[in-house]
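Across the two complexes that follow, subunit A remains constant while its partner is subunit B and subsequently subunit C.
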Partner chain A sequence: MLYTEGIFLWLLIPVAIILYGMPSNLKVLWLLIVSYLFYATWSTGYLVLLLAISIVTYIAPLLIFRASSETYKKIFLSLSVFLLLLILCVFKYFNLLEILVENIGFKIELPEILVPIGISYFLFKAISYIVDVYWETIEPEINPFRVFLFLSFFPQILSGPIQRAPDFFSQLRSINFGILIWPQIEIALGYLLLGMFEKLVLADHIDPLVQELDKGGIDNSLMALFANYAYAVQLFTDFAGLTHIAIGLGLLFGITAPPNFARPFGATNMQIFWMRWHMSLTSWLKEYLFMPLMMKLRGLGMIGLWFCILVNMLLIGVWHGSSLTFVMFGLINAVLLIITIATTKIRNKFFKKFNKLNAIGNSIGVILTFNLVVFALTFFRKSSISEALDSINAVLLFNINNNAWKALTYDVWVPGLMASLIGFELGAGFLGLYKFGPWITNSSRSFSFILTYSIGAILVILLASNGTQFIYARF
Partner chain B sequence: MKLFNSGSRLFWTLVVFLAINIAIFSSGFYAKFLTFSSMQGFAHHIVSSSKDIPINKDESIFIIGDSRITEGFNAGDANLLMKNSKIHYLNAGMGGASLRIWYYLLKEIDPDANRFNYIVVTLPSFRNSPPYDGGYEGRMLDADFLAPLISSNDFLNFIDHQTGYLNKFILLNRMIIASINYSNDFFDLILHPLNRIDGYKWRKKVSLNYGDEYKGNTENMAGLSIDNFGNIVSYPQRLSDAQKDQILKYLSSIKNTQNNEIVKAANYKNLWVRKILDRYKNTSTKVVIMRIPSTPLPVYLADYSYPLLSVIEENRNAKNLIIVPEDSFLDLEALDNFWDMQHLNAVGRSRLTTAITQKISRLGADK
Partner chain C sequence: MKQIEIYENLNIIFKDILDINEINLTNETTAEDVENWDSLSHINLIVAIEKNFNISFTTREAKSFNNVGEMVELIFTKLN
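Here is the complex of A and B:
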């Protein structure tokens, strides 16, 4: 079942009403049942896997907490994290084995394993919870249903955001959990509307434009470049839409999820970009991988830092899948980040000396960063390295076959272009559209609120393209 | 100044949302401006024109069906042929229209079941044969046709006849939030506003005579041949690979139709033809059931090997029902008369128009 399906949205109403009306000690159980039912609409088989992972995630922290010595704690931590990573590798990277074996001259045929939906998200949540207990950031949760819900909470299970256990559990214990709070419902509906708009009106109208530009890009370099630009905006609107829907859904039940984006296309360098893009994943990796690794390698100075960046970015790449294109995506971003950090001092010195050039520098920074992101995403979106190189080659060949433009369909390029421009603005924030949300929910603007929400909902319905699967749901 | 608290703001948002839906979309206001080039807009044009057109009851012959009759019959030419008689043809065929759609639309066009002298129901087959109407009992597309045109009561009845609980739910959703029915059309409106204005004026002008100038598709299927096992031996030279593929798929869908699908389709056809007949049972309007040419490959399809629809068997002697002999237009089922696997071309259109006018003019005598 998709978040954008009518039946899903209608079912939310009884789910929420029952939650608001039931005794507080049953609310977690109710949401857990609903979450499992939701997951079962995707796969009943993998629901068993989710349950098994949930049991490990419940027991491991208790064992770590009650272990009599540091050695036992480490053993329980290592075993549980190893088991979870093994599950992730088996389901997500099993097929890579076939390719690797083929590359060394042998041929094996392995059974095809379908990746359970949301596995990368709920396994990362599970690992962070176990590590948090080991680090004594939190005490283990005694109520198993809360742990099970933490992993399976249906607004977040498909594609995050990757929420941390301390944040989630504290909200479950809050008096606001599962209570009808109208101002919160207003904000929740605003997020849902924004998410639907980003996905159904923007991303799904950019998709056919990307496909047509890709076709024309074979003969026309500018079209090949625009295809890559449009894809970057499509990916952002698709994923931001999914995140906003997840945040809105969570808020309906009293759970505030972390944000994933903060105007990434307005970033003036790659370092800032990665602080604003898929934030729940990058902050997870920063806390559980980058920082601990940095501590270990602090004696190596800049070399240590660069190594940590390389490992971190490669992991971001392969987190998306087992294809070599994702490795390349991570590698390119690592190189770009290292260059950015290595040149920080020089750039700062220059702009300190010529501070009047700051505005120009920022503008150039935004354009350069966006283009570098688009370059890296070429590897992200293509199914093989050679396809990605062909795509880059198509841009660099400077082919100018103007007939290729004529093949663009009016009904595709006009809505696609409009959606791309709006999507870019939402991702860059130059015109300040992002301020509209807080402005409209202000309690003194009732008429504007009523008209915006009601007409906005109708426009989303009327302008929606036929819903397709979210890009990030496959990771 | 704070006029509303959050709860009442949301309540009024819901009220305004539903009010806009009712005022613009459920009321039929938006539907007046639908594009003619979509099936939905085309159906709206046919129904609204049929409702508005002045009709002399004693002369009117109202022909209903799908794109086969739209392509295969020219009402303007038929009226010219019959200009000395008291017969006036109205061709209301519309692409994609099913028997179920026509049952509900007839209730709109002819609310008291007394506007027409004859209502001609055109069918591509009188038999329980594949693939006509396969899967139609659960076809969600029907809602696109009906939503802008029929009353809430009829729409509820339509939902009741829809198969599958999820489908029923989706349709109910589309009834409550009527704007859902127009998302494709609205996009077209934004992209082509001037076309829409021109189209609106043109529709007003041409009414049901929109197809009088259309002489039919000039291509034909000569060159298509099939062996005894149903394998294609040769294609017409003019066809592209995609068109060839379409033919292949069409034939394989006939070959691979399961028995249970044929039974379901037969039940569907019997149900909705019966409903149309029942509606006109005790009225002065006569219902004519007519098999029209439906394939350029009659030998291969051979629908004679299948049993007759029970509704036809049972009502053979019904008072105000006329069943045109099944083989009346079979000679038109030839490669030269078709431009694809279902539709007559210009030659076929002209021939069928003449044949129908001759047949209909003798209806009283035949009965």
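Here is the complex of A and C:
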């Protein structure tokens, strides 16, 4: 079942009303049952897998916490995390095995396996919880239903955001959990509407424009460039839409999820961009991969840092899939990040000395960063390296066949362009409906807020039946 | 080494690593109060502190500090 389906939205109402009305000791169990039913609409077979993973995630932290020595703690940690990573790799990268064997010269027939929906999200949650207990950030949760709900909470299971255990459990324990609070419901509905608007009105109308621009791009370099620009906005609106729906749904049931985006298109360099794009994933990787690895390699200085960035970005790449294009996406971002970090001191010194140039520097930074992101996303988008290179070539050839423009029909480019512009503005300036944390100062976009939402409301109603699959539901 | 000496040492290290002119660390100072103290420079600080006091931190210790006071406390116990 998709979040944008009519039946899903109708079912939310009774689910929420029952939750608000029931005794507080049953609320977790109720949400758990609903979450499992929701997951079962995708696959009953994989519900068993989710249950098995949940049991491991419940037991491992208890074993770590009660272990008599550091050695035992380490053994329980390593075994459980290894097992979870193994499950992730088997399901996500199983098809690589066939290709590998074929390259050696053998041919084997492996059964086709479907990736369980949401697996990379709930496994990352599970790993972070186990490591948090090992690091003594939190004590293990005794109530198994809370742990099970942490992994399966239906607003977050399809595509995150990847919430952390301390945050989630403390909200479950709060007296406000699962209680009818009108101001919170208003914010929740705002997020739902924003998310639907971003997905159904923006992303789904940029999509046909990208396809048409791609066709024209063969003869016209400007069209090829615009196709890549529009895709960046499409990806943002698609995923930000999905995230905002997830946040809104969570809020309806009393859970505030972490944000995934904070003005990524307003970033003045690549380092800032990656602190603002898919934040729940990047902060997860920073906490559980990058920092521990940096601590291990801290004696190596710069080389250690560069290596850690490379590993981190390659993992962000292959987290999306096993294709070489994702490896390339990670590699390009690693190189760009290393350059950014290596030049930080020089840039800071320069702008301290010539502080009048700050505004110009920032403007150039935003434009440059957006173009670098678009460049890297070319590999993310295309299904093979050669296709991506063709697409970059198409931009660099400076073809100017104006007939290609004429092939663009009115009903594609008008909604597509409008949606791209609004999507870009949301990605560059919109800060969220209410304060989430210190990195979000406040929202000054009341005009565009009112405008986009009132138009949004009408369009969502008109277009709701045409929803297509979310891009990020694949990962 | 007394706690006050640890603070004096830390002030010098922080100024050098974070590239700032003036700093006065107290036991309540946190990363948010200090310019340029992000997760990357945190690792650099850890390395410099380890070298300066000739001690070593585990990953768990390095990420456990909530403020400078806790950091000084741990350095103090490691030294004595």
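The rule we apply is simple: the second predicted complex is superposed on the first by the 438 of 475 C-alpha atoms of A that agree within 3 Å, B and C clash if a C-alpha of one lies under 4 Å from a C-alpha of the other, contacts with A are read in each partner's own complex, and residues count from 1 in each chain.
By definition in this document, contacts are C-beta pairs under 8 Å (C-beta built on N, C-alpha and C of every residue); 3 or more make two chains touch, one makes a residue touch a chain.
This structure is a prediction, so every number in the text was calculated from the model and none was measured.
Undergrad: Please indicate which partner A:136 is in contact with in the superposed arrangement: first for subunit B, second for subunit C, both, or neither.
TA: Touch partner of A:136: subunit C, not subunit B.
Undergrad: Contact-wise, after the overlay, does A:305 reach subunit B, subunit C, both or neither (first, second, both, neither)?
TA: Second partner only, subunit C.
Undergrad: Check whether A:341 is in contact with subunit B, with subunit C, with both or with neither, and answer first, second, both or neither.
TA: second
Undergrad: Let me test your reading of the model: by the given contact rule, A:229 touches which partner, first (subunit B), second (subunit C), both or neither?
TA: Touch partners of A:229: none, neither subunit B nor subunit C.
Undergrad: Name the contact category of A:182: first (subunit B only), second (subunit C only), both, or neither.
TA: first
Undergrad: By residue count, which of the two partners contacts subunit A more extensively, subunit B or subunit C?
TA: If we count touched residues of subunit A for both partners, the winner is B.
Undergrad: Which partner does A:42 reach: the first (subunit B), the second (subunit C), both, or neither?
TA: Touch status of A:42: no partner.
Undergrad: Please work out whether A:292 is in contact with subunit B alone, subunit C alone, both, or neither, and reply first, second, both or neither.
TA: In the superposition, A:292 touches subunit C alone.
Undergrad: Let me check the overlay on chain A: which residues of subunit A are in contact with subunit B and also with subunit C?
TA: In subunit A, nothing is touched by subunit B and also by subunit C.
Undergrad: Can you list the residues on subunit A that touch subunit B in the complex?
TA: Result: residues 6-7, 10, 182-183, 185-186, 189, 410-411, 414-415, 443-444, 446, 449-451, 453-455, 457-458, 461-464 of subunit A touch subunit B.
Undergrad: Can you check the complex and tell me which residues of subunit C touch subunit A?
TA: Those residues of subunit C that touch subunit A are 19, 32, 39-40, 43, 46-47, 57-60, 62-64.
Undergrad: Help me check something: in the complex, which residues belonging to subunit B touch subunit A?
TA: 1-7, 9-10, 12-14, 16-17, 20-21, 166, 169-170, 173, 177, 179-180, 182-183, 186-188, 190-191
Undergrad: Taking the complex as given, what residues does subunit A use to touch subunit C?
TA: For this pair, the touching residues of subunit A are 134-136, 286, 291-292, 294-296, 298-299, 305, 341, 345, 348, 438.
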